[in-house]
Amino acid sequence: MADTVLDIRNLRVTFTGGAKHVRAVDGVDLAVAPGEVVALLGESGSGKSVTLRSVLRLHPEAKTRIAGSIVAAGVDVMALTGAALADFRGKTVSMIFQEPMLALDPVYSLGQQITESIRKHEPAVSAEAARRRAFELFEQVRIPSPERRLDAYPHEMSGGMRQRAMIALALACNPKVLLADEPTTALDATVQVQILLLLRELQRNLNLSMIFVTHDIGVGVEVADRIAVMYAGRIVEIGAVRDVIRTPRHPYTIGLLSTRAQGGRLSGNRLTTISGSPPDLANLPPGCAFAPRCASASAACREAAPAPVDLGAGHVVRCIHTAITA
Amino acid sequence: MPERVNEIIRSPGFWVTVWRRFLRDPVALAAALVVLGLILMAVFAPWIAPQDPFQGMSLRRLKPPGTEGYPLGTDELGRDMLSRLIHGARISLFMGIVPVLCALFIGAAIGIVAGYSGGWTNTLLMRTVDVFFAFPSVLLAVALAGALGPGMTNGLIALTLVFIPPIARVAESVTTGVRSRDFVEAAKASGAGALLIIRKHVLGNVLGPIFVYAMSLVAVSMILAAGLSFLGLGVKPPQPDWGLMLNTLRTAMYTQPLLCALPGVMIFITSISFNLMTDGLRSAMDIKA
Amino acid sequence: MILYATKRVLLTLPIMLGVTIVCFALVHLAPGDPLISVLPPDASQSIKEQMMALYGFDRPYHEQFLRWLWRVLQGDIGTSIRTGRPVSTEISKAVGNTLMLAALATCIGFLLGTLFGFVAGYFRDTWIDKTASALSVFGVSVPHYWLGMVLVIVFAATLGWLPPTGAGPGGSEDWKWDWVHFKYLILPAVTMSVIPMGIIARTVRALVAEILSQEFVVGLRAKGLSEVGIFGHVVKNAAPTALAVMGIQLGYLLGGSILIETVFAWPGTGLLLNDAIFQRDLPLLQGTILVLAMFFVVLNLAVDVMQTMLDPRIQRA
Amino acid sequence: DAGAQSVLRIAMTAADIPKTSGQPDQGFEGNRFTGIPLYDALTQWDLSSADKPSVLIPGLATAWRVSDTDKTKWTFTLRKGVKFHDGSELTANAIVWNVDKVLNKDARHFAPDQIGVTVSRMPNLVSARRIDDFTVELTTKEPDSFLPLNLTNLFIASPAHWQKKYDALASVSDAAERAKQAWAAFAADASGSGPFKMARFSPRERVEYVKNEAYWDPKRRTKLDRVVLLPMPEASARTAALLSGQVDWIESPAPDAVPQIKQKGFILHTNAQPHVWPWQFSFVEGSPWLDKRVRHAANLCVNREELKQALGGLMEIPKGTVPPGHPWWGNPKFEIKYDLKAAQKLMADAGFGPNKRLKVKTLTSASGSGQMQPVPMNEFVQQALRACYFDVELEVVEWNALFTNWREGAKDPKSRGAHATNVTFAAMDPFFAMVRFTSSKTQPPVSNNWGHFVNPEFDDLIAKARTSFDDKGRDAALARLHARIVEEAPFLWVAHDVGPRAMSSKVKGVVQPKSWFIDLAPMSMQ
Amino acid sequence: MRESDNVPLLEVRGLVKHFPVKRNLLGRATSVVSAVDGVDFDLRQGETLGVVGESGCGKSTTARLLMHLIEPSAGTIRFGGKTVGSAALPLKEFRRQVQLVFQDSYASLNPRLTVEESIAFGPMVHGTARTQAQARTHALLERVGLDPRRFAGRFTHELSGGQRQRVNIARALALQPRILVLDEAVSALDKSVEAQVLNLLLDLKQEFGLSYVFISHDLEVVRFMAARVLVMYLGRVAELAPTEALYTDSRHPYTTALVGSLLSMNPDRRTEAAPISGDPPNPIDPPPGCRFHTRCPHAEPVCAAGVPGLGMRAQEHWVACHMGDPMSGHSKAPARAA
């Protein structure tokens, strides 16, 4: 795609710290257009967060091997070092975390954390101006009585308010790309909707590009333009939301969609399940990582990793049996 | 009735795993070997020591290390330094380990009871413990030993009293932590009584950390016990004790500095070995799923 | 906050009472004659009894305790049997000296300890960490009184650079903060700083490693903070605990200075305690232990309140 | 200016400065450093010779005699023109006042904490009475010829100076409390009549003296500008202080450092002291020492030459409680020496041998004033006695406990069944040297006849000595007593201390007499 | 219908639990969390009762109260007609009838015990011989889909989340209880594993004739599992109704909001407005009256004034809302029936 703000090519991330090397991400390609929201979906441990964090180069350098290319808003992220990397982070691309309680510094007030970010990237801004901007951001994310909340510490706020503050912090320096790592998983259903809608609105108003990591297909459907499904460090299926939801082609996606205990239509009956459990990333089988759990797997699946199959309209699947799943 | 399956694959238990992890830590292993060596040295002192540690001769006083027949020299009474250091391991290790063990029994009992029962029992026990905790340990040890008078038994009593409060506190907090865990609730839900729960579910989870904590006090206890002897409040002469040897050799500090330093070196080696071993054990026990 | 502080103070009262009981009981556990320091062994029985009555040692224990406690509450912690000087003046001077020593030792220990701890925590599992950790293990393992002796042998007796003992050429009353006097402080303070150095280094290392492993550090990186900026956050997060540890270490040094002060003849509370024990000066012993223990209790209290003030996470009520 | 001053800095062995109020504690080190330099007594020791035994000479009293009719009444004639450091004059009232301070409970300035040391050293003194301005009458409980010797311990403090301190405390209402505080103030700013005046007192750390230009005895007017006394209980710390130039003089250097001290050009002074380092035997039922052969065997079994070598020469080999040549020596028939054969034979006679060893238990301490090096020395004795079939068990108790037990006696449970105790003593006056160990009247708890040595013959000898008021007769009686003591051997005599002190060669005019004391006055600094 | 359907297996009446959170200097509680504040419901033989509500609304506290793991501040629990803790039904006896499965599968297994020991513990407490208890353990492991040969000797940390939760279920079943309380038992699992465990629960229920109290904040899962659903809000029951009625015809504004928060799964019909704003209030100072009135779009002064009672509004459909109560004085309340 010509028009991308974020272009990830053949990303491979290997953690070398432990006794065994863990290949958490194994060849991810992902391009995000301006103003586009991509939902990254997958089971726990499939490499969603690792992919996301790679964009900001947040992995500990000494214990990580990272290969491939990442270009964000014209910047070659892999080539950044030191101060340039620090300037890039939070300014061009910023991030929202799953647990704002853990991701915010507990001993600084929210206001301090936001002004700190602003003044880091725009040293010319005075402390007062920064605080005013923080105040506006709080209004923007609809935190009630924002003036008072600026001086609150994270533990003094409820979950939903904390997540709003986290979003305000991420938006503080007008980034082009927002990375959201399961920002609503820890929230109650009623609050989750509020945050999702808020994010969608902000994204639209600010024309942000966004990668939105989630477990929950429902959430993906709610916010995303495109959905990418990850399994064992690879994107196994990617496409427009409608295509992936309505005509999933990868057996894993199909399984995932059918395991949902959705609505009363199935009530009391058994659910379809994906048998077995997710693979051990330190000991991946050679071929398709999903083969051991796949009902339609053949010998060929176990030999080599399947190449991406383009089904048109940007719907790409890594499965050699797309004919069967159609 | 269903059949019992017999050929079960058993995972290595917690302590086996800890042991294996421990064996993989070279520093801790080396430290443990040193400790083992010291303990063996203490146990077999009469057989290992080349000379009688009490038999001195004034004509060969304060010979420097390396003297013929006295590889580590002789002390202020002409007794063989090597033999005294070997025999000294007995009392010094004893004074390092026994008070901690006694305190471990008493302190763990207090802490576990307080932690598991909570409420008033807890308040009563822990406030009493706090009173003793309100004394810096050296002060308490010195004050007790000073009040009771010097001697090994008094030293033991003093040190035991010093170590009960910290162990009780650790035991209490660990127990309180375990008590609120879901598996204890589950055991209660199975209808088990308090004693059974403590035995089966609390002790197993609590003793490890308490034990490791107590282990870390052994080095402190050794240094403190030697310190008491050094002040003249601990072991009485002519017992070979490293702290006391340090004290009695102090007058020869200017003539035979190397010789005077030896007992201190032994204390240092022992305490650092214990510390490194404890560190190793602690990280070996830190098994994350 | 004030309510919290009041509450903490009130909760400390029973402990203080317990401490007084222990202090009183301690010296009455002591075998031997309480008047040994003023009565030569050849004094006759009648003189002895007369003196026992004069000092009130003939009364029942609980009565002695209550009288003693009553006087303590009025600020009178007794009179040294041997010298006839009020225990309070003896102690206040000694506390001053020990405080000077302990404060310097805490500073050295704290500076080095924090440095080693930070370095080790930051560069976890590298050779830097190993070196710094080795130093801290050394700190907690070395018998400091022995180290003191070794330092005296090296720097005083052999090299002659520093004086071996005492508190200045003119004694502690002539103390001045100049090099001539400061020289006397160096060896004891360095020796004394070794343990807090080790403990603080270990605490800080664990603390820093723990903080660095927290998610919010990733958050800080993600918002573009440099390592220096992150360092600031780590410091602020570590500060309450680190300061509390330092406070308690200061307390331990104040109360546990006896070995060092004996080695260096430093005229502080430790030496006073040593004298009191070996001269069997019971009021002095009692008073010194009481003051030191109370000091420790109050310090703990202060540390606690300070920690609460520094750490916004702790609920204050 | 400071540089031109001659300052003598001394490290004492005491852990604290001995009391400065006129009745020093800390044993004789107290008399040595805070008694004799600051104060005078009615009588004093002649410390001017290193060779002759120190004898009694006039001090503040120029003459004294016992009444012919009533042997409990003594008159002392006072020296005229003596002034205290505060300028007040010494008169008979001052003597009465100083006696009252320890003996008259109703006196305003009664000082309970000074009673102990004073009264026990003058057990028979009862009261003092002014005859005229320069004559006082002292009364004893019973006739006691030792009184003039005892009076060396009664240092005379200035009543006027004390009164000033007392008057300054008008705010203190309780009289006893006020007196107590006045004494504390006096101790911090003492006033006696000695050759030195107190210049600075810093509790537990140092006391400083300057010269008393107006001292009455021109021979003892000092050239020293200033004397600084520092308590340093650790032998090694003292040694370090000397070697590093922190002090000019240390008492009892670490024996092992003596060669090094000498090699570095410091001077070691020693001289035999009237001091005994003994095992004092128990004569309680069941004690193995009841057999005189065993007592003699022990005394013959210790090679004291070797011990002396082990102590770096810092001891004198004893022949009795006092040495031959002393007026009290008396030529005992039993000679204390090393004779293993004879010792073994005596033991064999007593029924012991290599296969029938004798178990004895001795109390000692790890440290203590005058104890020299108790542990090594006792271990040495323990080993020496092994050759004579003794199995010695050493029970090391805390010094104060040992000391307390000294007057509780061998029968007391706190003696833990010991058969001997190892408390060293000073042998300067006949009571302390001999009487208290051998009189049936000094059995515990009265005094230090720890072993309950009871023998009517000794009681007679003692009574005779006490009532011989002419010096010759008294000394002869004491000599008979001493000879009998050596013969009966209620002690194992091990050593005499030599009072080693090391000092810089800059200290001049040092005379170390055969005494526990030393006079600072004639010294100077180069 | 069997006759046991008529007598509820479990009757809960007026259950209240207050936790003291602040104490004054004398140790008296000055403020309390009313974690559960008057909960009534019945559980019938063989049914699954779903319990939903936002975080902190007292679901877990209710579960623990049901088990008598904590003492209720007020209220009674009757099991099979007998009051729990009375002479007729001592606690220990009751406890073998009701068992609990927790959300955190890791924390609810003793890390120092093997799977086998954990499961056999309950029966052994109740006097079963070791060998027999082990035999039952193996059978149960088999039943929950874990090969006893491979899993009986393992420790907690050697199991995956789904396996651990199966062990927990086996542990709960070892006492052959009649009721299983599942407190967020599947919330921590991945969707694919969650489905496996849900299926297992369905099978076990059939096989052992169990009744479930199924606590979850996932409305989808509750809808799938439960026959009736209890909605809690800040320690109180908001609504209790048969599942379909609740999801399609909710009567309480909170339930409506909750159901409205369900995500559509339809990219063409995305949620446009949040059905409700704000977070649930702090249970330390719960709002007076109806606890929901601070967030309720229909709130009126009466709502802050009086606590709405739980009333039957339709067949088996209980609601605690002033809008449903003709006597309340709420403007939207139905007119008083004649």
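A, B, C, D and E are the chain letters, set down in written order, and residue numbers restart from 1 in every chain.
The rule we apply is simple: contacts are C-beta pairs under 8 Å (C-beta built on N, C-alpha and C of every residue); 3 or more make two chains touch, one makes a residue touch a chain.
Keep in mind that what you see is a predicted model, and the values were worked out from it rather than measured.
Here the chain-to-chain distance from chain D to chain E, counted in touching steps, is 2. On a Cα centroid basis, the chain most remote from chain E in this structure is D. Most remote chain with respect to chain A, judged by CA-atom centres, is D.
Per-chain Cα centroids separate chain A from chain D by 91 Å. Computed from the mean C-alpha positions, the centre of chain B lies at a distance of 46 Å from the centre of chain D.
If you average the Cα atoms of chain A and of chain E, the two centres end up 32 Å apart.
Distance between chain centres (mean CA atoms), chain A to chain C: 53 Å. Shared interface positions of chain A, i.e. residues touching 2 or more other chains, are not present.
Contact of a single residue of chain B with at least two other chains is seen at positions 149, 232, 250, 253-254.
Residues of chain B that touch chain D in their complex: 54-56, 58-59, 61-62, 76-78, 149-150, 232, 236-238, 248, 250-256. Contact residues on chain B toward chain C in their complex (touch as defined above): 127-128, 130-132, 134-139, 142-144, 146-149, 219, 223, 226-227, 230-233, 243, 246, 250, 253-254, 257, 260-261, 263-264, 267-268, 271-272, 274-276, 279. Contacts from chain C toward chain B in the complex involve residues 14-16, 18-19, 21-22, 26-27, 29-32, 137-138, 140-147, 149-150, 152-153, 157-158, 251-252, 254-256, 258-259, 262, 273-274, 276-278, 285, 289, 292-293, 296-297, 300.
Residue ranges of chain E in contact with chain A, taken from their complex: 54-55, 160, 162-163, 190-196, 198-199, 202-203, 217-221, 223-225, 243-244, 247, 257-258, 260-268, 270-280. On the side of chain C, the complex with chain A involves touching residues 214-216, 218-226, 229, 233, 236-237, 240, 311-313.
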